[in-house]
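Have a look at this one.
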Amino acid sequence: MTQEPETVAVVGGTGDQGFGLALRWAKAGRHVLIGSRVRARAEEAAAKVKAAVGNSARVEGSENADVVARATLVVLSVPFEAQIATLKAVRTAWRPGQILVDLTVPLEASFGGSPTRVLKVWAGSAAEQAAQHVPENISVVGAFHNIGAHALQEIQHEVECDVIVCGDNAEARGRVRPWVEAIPGCRYVDGGKLENARIVESLTALLIGINRRYKVPGAGLRITGLPH
Amino acid sequence: MTQEPETVAVVGGTGDQGFGLALRWAKAGRHVLIGSRVRARAEEAAAKVKAAVGNSARVEGSENADVVARATLVVLSVPFEAQIATLKAVRTAWRPGQILVDLTVPLEASFGGSPTRVLKVWAGSAAEQAAQHVPENISVVGAFHNIGAHALQEIQHEVECDVIVCGDNAEARGRVRPWVEAIPGCRYVDGGKLENARIVESLTALLIGINRRYKVPGAGLRITGLPH
Amino acid sequence: MTQEPETVAVVGGTGDQGFGLALRWAKAGRHVLIGSRVRARAEEAAAKVKAAVGNSARVEGSENADVVARATLVVLSVPFEAQIATLKAVRTAWRPGQILVDLTVPLEASFGGSPTRVLKVWAGSAAEQAAQHVPENISVVGAFHNIGAHALQEIQHEVECDVIVCGDNAEARGRVRPWVEAIPGCRYVDGGKLENARIVESLTALLIGINRRYKVPGAGLRITGLPH
Amino acid sequence: MTQEPETVAVVGGTGDQGFGLALRWAKAGRHVLIGSRVRARAEEAAAKVKAAVGNSARVEGSENADVVARATLVVLSVPFEAQIATLKAVRTAWRPGQILVDLTVPLEASFGGSPTRVLKVWAGSAAEQAAQHVPENISVVGAFHNIGAHALQEIQHEVECDVIVCGDNAEARGRVRPWVEAIPGCRYVDGGKLENARIVESLTALLIGINRRYKVPGAGLRITGLPH
């Protein structure tokens, strides 16, 4: 079995980070479906992707439930406060074998506070919360939390960041690897169980604070000491 | 004002990580006081440091309260479950202007669970908890959480890890910088407020999990995208 | 000094619980200012209070910032997700000596989840979070979390519930006592420091779950074993 | 099926709260096994129970693993820091169909801090943590957290406290009911899912604070508004 024919849906792909991922994957020749609550906005984002990476890009825009139904990998990139509502809205679109890749970070900024602080959700992490709002036969993986929108959208530059991938199903984590490696500069790091997303998500708030203190657009991280 | 004449006390310096730091600083020519509840154990650790880095090493061992009283920088490196008791035991030894550098990580392993999980203390982080158990005129800084004992003790190798330093007092954070830079391979990263130690501490549990999954002795981390 | 001439502002007094408190205090003859983002809605709520408890009720409606400026006691009764934004909006209206009584409960329902679960905010509790968004000379107290809107609005019945009052300033806690005792059936319980609001807030989620399991409109609680 | 012939094991029954429960159940004529790490201490506690409630009391003392193996209901009443180790030590003693009733409260006092504060464990609550350390076929229920040792040991007086019982298995919650009702003054309250133990456990810390502020030996709580 090969990963190549997989199609990714980016739910919330009109937002900064989701759009950045769509750009990167389209540039890598992947089939990308951009989802939005409003079809027209998704189509507009798809057109912007084509404008940026070329007309041969395989990218389409549609409503969230529609892109979920058509993809093998579903990336959820919405603000934390919209996560549950979005998952409820697409609840019936899932098909067995799909994977949900959750990027959500529960920043305090979601309800008027600071983007350098996180809240602790009852489920533990946003990713574990997501898992409570998809059918049981959908594997949930947390990933891509720590890459900022700026780094993704600067498509002429490599992204200098490891992607720590957490999920209870090791095979599902593995299926995310080629999507990580399709982005130049990104390295896949096995983050283990989904519960570890608690830590990986919170790292985003730390990086946002580092961006502010160092006046840089997109601090990232590398894990050192791994085998080559 | 120069940092050079500062003396560091490593409370809990007979433990793996504290001993590693003592080794590194002694090797760098710094004046190091190793503290322990039992003086003889501290002296023994000091002797081991000398055996490793040479007899000219400026290292001594004594009881915790004694080393606290004599140092400018006090590093606390004890297991989480001993943190409050240790701070209570040295409570009267502090002098104004000293800095407490807390390395404590509230691992679930502290009470029989897993070292890949953290607990959330009432104060927010172990470092913020420490701040509630020192006199008000002592600045508390969290640092060095993410460097494993193994990496520290392999003194012939560089430590491949950034040290994220958190503390409410920017001057206190700055005073920790030369101690970071005295360890080859370590880079100082300004972690901002003490409350950010919540995230930095939890990162240790993530790195421990990575060590296990990748079968490596000491994964670390680098922040990318910072100015050179 | 007597508490009688104090005026209460109920920010968010058009919501179910805030309106219930306004009703109770108006019925007790207190001077009540109902606040809303939209003046007309506040005036409408004030009219409803008069319709319910009689035209002699001393109740007025106005914009949030206006009622904050005119009250001695300011009760904040808005959904969790609006708490910080509301406090930012009235930030300049405060005068020294005023007390903020925060009723906010960080229910998961605030962002699409369950009302029987709470999230843990960075500040510890919603009340501690509130304290970070008012001027330093405003005392913050958490109270009234555990009385449901239904019990408050059934003004012909007593409210069968203790009110646990938390706040770092004991005098401020005490100033809330007459407002508790103005509601028939309510008893003041000294909840100690503001940080204890973490527990008291979460109790609301437990009571909501009990309401559901027992199919009752408003479970409450009594502390037993106190001196008479 | 009747609950009467059930036997309760109180692991940690030599501690204040566990001993209090053993006393109460022995007084009610139930069959009680007191467990301890050291058999002699358990036997001593059993003798004290007999001295207090009469020689006809059906109470025995033995090692923890032994009493677990012989009981239908196993009550775990050990300090938080000993919970995981105790469960690991009795791991092989369980038989299908048994119920674990966890009383553990993760007080900050467990590691040198205050008994009026709780820590948040990775699993969510101490009860959920317990569930990760028993075989899968053992139902875990959280209960009896809010009754202090003093109230239990004053066997000539009723205990003025509701017992909120949380557990994912409704039948298991129900099997705890007769053990609640065997203690005069205690009322069973259905606390719903095990996850709700997070709130019920933390309530204990609040009650301890109330004990201190009001200088009373054992504040408890009653839920109001329930059907009669």
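Observations on the model:
The letters A, B, C and D name the chains in turn, as written, and every chain counts its residues from 1.
The definition used in the following text is that a residue touches a chain if its C-beta (ideal position, glycine included) is under 8 Å from a C-beta of that chain, and two chains touch if they have at least 3 such contacts.
Bear in mind that the values here come from a model prediction, so they are computed numbers and not experimental data.
When the partners of subunit B are compared with those of subunit C, the chains appearing in both lists are A, D. Over half of the residue numbers found at the subunit C and subunit D interface occur in both copies, marking it as a same-residue contact.
Separating the centre of subunit A from that of subunit C, both taken as means of CA atoms, is a distance of 39 Å.
Averaging Cα coordinates per chain places subunit A and subunit B 35 Å apart. Shared contact sites, meaning residues of subunit C that touch two or more other chains, fall at 117-118, 120, 122, 195. Partner subunit D is touched in their complex by these residues of subunit C: 116-118, 120, 151, 160-161, 164, 189-192, 195-196, 198-200, 202-203, 205-207, 209-210, 213-227. Subunit A meets subunit D in the complex at residues 120, 122, 124, 195. Note for the complex: subunit B touches subunit D at residues 80-85, 88, 106, 108, 110-114, 117-122, 129.
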